[in-house]
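So, here come the structures, one by one.
You will see chain A twice below: alongside chain B first, and alongside chain C after that.
Moving on, here comes the complex of A and B:
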């Protein structure tokens, strides 16, 4: 017995040396849950595609309750109309939008109605702990211009599955799986009955604490790669490369995102000769001032916008 | 005789397919009518639904709070 006790302590010191090695060993049965498939480019989109606008925007959100709030929004400015000519056609418009939001941990209802009768509604309901139902629709008074889509998301231990049903016989499904603690791979399939199109896509995402790299390929001809590096707590840099091998269209962009105490500044420059910047300045508690600028040197299209957001 | 039998067989096939076609048409028409009605109901009723759900909570907001923008 004494000999056994004598033998046990010496192995303790080599075990301490082995501890950092065992911490690095990957437990393949205990991987984290991956990001949803449609949010795979989330960090890159947040930095490179802010909500740029042209004109004046005023948003007021009034919270009536802990869960319920109403919002009033006014917009005045030129809206772009898609045209075949090389020049962009802009029509000055002004509209008022009324909205109601209900936020519960299990149910979220979001509705916005415009003065021209368009309704934008979103519903998100947690049916069980792992199953989420989402519905999204844009309804108009004009016939055949309304869209609706319903999603069912199932969250497994280290995977996510999503089914999508839309109007116009649109069916989609996507699956994403964590392969290592940093890498997740996913794929999606969709079938659009009305446009007689179907497609399959693959995506991969590698993220650490400091960087996120994603790649996506689709049978519609799109190849999208992005890389976001978090340089510090306040600064992150992002770059994006999009290539369409059917239409031979290439776009590369590079942007920055500064999250400072009183403001958030995002800027980007494009290979199409387009530079944009978006500033959100916090003037006071609940009062935000927004400036947006987008300059397209190639098409000679200059867009400047300003706005004010009141409320949480 | 053979031609008569052949004609009869064609007649039977025609009636079966016409029945199937009418039931499928009926279903399609009924589902399109339902979707149209559902669209109109959602268009007019979604925002009032959200407001009713929001107002029927524990801390009820008053009508004046609902109407004024302050």
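Moving on, here comes the complex of A and C:
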């Protein structure tokens, strides 16, 4: 009998002669708060989509204060440029990124600027206990490529509502509700004014202590199912199935995630003939060594990267 | 002239020798023709099989190298560290035993 989060014995006392049930009754008035809608595939994404990169990466984070920290980051390596031909063109680029973070229990500010002129900024502010404001913007020197987005999240007792406003007349709303202590259902709608597209989506998530299963359907033609099983406290296995019924595109992938004391190793294999591995090894206190490898047997594209992360 | 140098003599010029007749009957018989076709097919299939086995072995080998080898290395290191810790715990954890230098 695994512990059930949020289960409370029934409020009424049993009548004399009736023995209370040995199985715990679910108190439907006391369900836990669900995961936010955009994080519904969180466990599967963490295992199956690590930040693979090609080239060399170096990150240095220096904390000046308890709340304030600066970060310097250097990246050198080939970047893929999307081109009309089927061959992807790789151009060696190098850039330096400077960033500053401010972390408060109620306010989080995050900014990054790159040498090629791009600026990323993120704000997360707890307006009240239940209302969270999030804003996110990316500015570039190229015209018409900048975008920004604002989210308002309201966290209820066992539901969450989110409204989203973006530039280019992008509106979105999502709602997710806990139905039982393990199951939560949600839906979202969005409308993109610039592309004159709108869509509706539904999602469901079932989780226990040992596994998480999620399913998501969207009117853009995407069906995504995922299943993550926690085999032990160090190992978890994940699998993911994505089907696009408009473009008849199917992808299935399997992966593992080992969290050991000195390292974290994630590996995955795909039905597109693509296998990848990502290793983060702790060399010393605050010093992490990263290795990333991705082999695409179909397109014969091999990408390997290494890097170092310094700082807490 | 050529017939005179051939073994199994008693050849008259203009007539084929016994050996030549025997070998030509053998090589033109249907069973030998069939054998040749089968041999060339078998060679073709074997070449294709070797090539595709080679390709499959390459794909399996590189995938194993990327997915499994780091895992083995890390699990081995973890096990070594655990053994070291257990050794140290057994050395320091029991106060009745005098610590060995």
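FYI, the second predicted complex is superposed on the first by the 289 of 312 C-alpha atoms of A that agree within 3 Å, B and C clash if a C-alpha of one lies under 4 Å from a C-alpha of the other, contacts with A are read in each partner's own complex, and residues count from 1 in each chain.
The rule we apply is simple: a contact is a pair of C-beta atoms (placed from the backbone, for glycine too) under 8 Å apart; a residue touches a chain by one contact, two chains touch by 3 or more.
Here the structure is a predicted model, which means the values were calculated and not measured.
Per the definitions stated earlier, placing chain B and chain C onto a shared chain A by superposition produces no clash, and the two fit side by side. In the overlay built on the shared chain, the residue A:262 is in contact with chain C alone; chain B does not reach it. By the touch criterion defined above, A:275 reaches chain C but does not reach chain B.
Taking chain A as the reference, the larger set of touched residues comes from B, when chain B and chain C are compared. Once chain A of one complex is fitted onto chain A of the other, the partner contacts of A:183 are absent, as it touches neither chain B nor chain C.
In the superposed model, A:293 makes contact with chain C only, not with chain B. When the two complexes are overlaid on their common chain A, residue A:213 makes contact with neither chain B nor chain C.
In the superposed model, A:165 lies in contact with neither chain B nor chain C. Overlay on chain A (Cα): least separation between chain B and chain C is 32 Å. Common to the chain B and chain C interfaces on chain A is no residue.
The part of chain B that touches chain A in the complex is made up of residues 35, 39, 42-43, 46-47, 49-51, 53-55, 57, 59, 61, 65-66, 69-70. On the side of chain A, the complex with chain C involves touching residues 256, 258, 260-263, 265, 267, 269, 275-277, 279, 281, 291, 293, 295, 297.
Put simply, chain A touches chain B in their complex at residues 60, 62, 64-68, 70, 72, 98-102, 109-111, 113, 119, 121, 137, 139, 141, 146, 167. Only residues 59, 62-63, 66-67, 70-71, 74-75, 77-78, 81 of chain C touch chain A when the two sit together in their complex.
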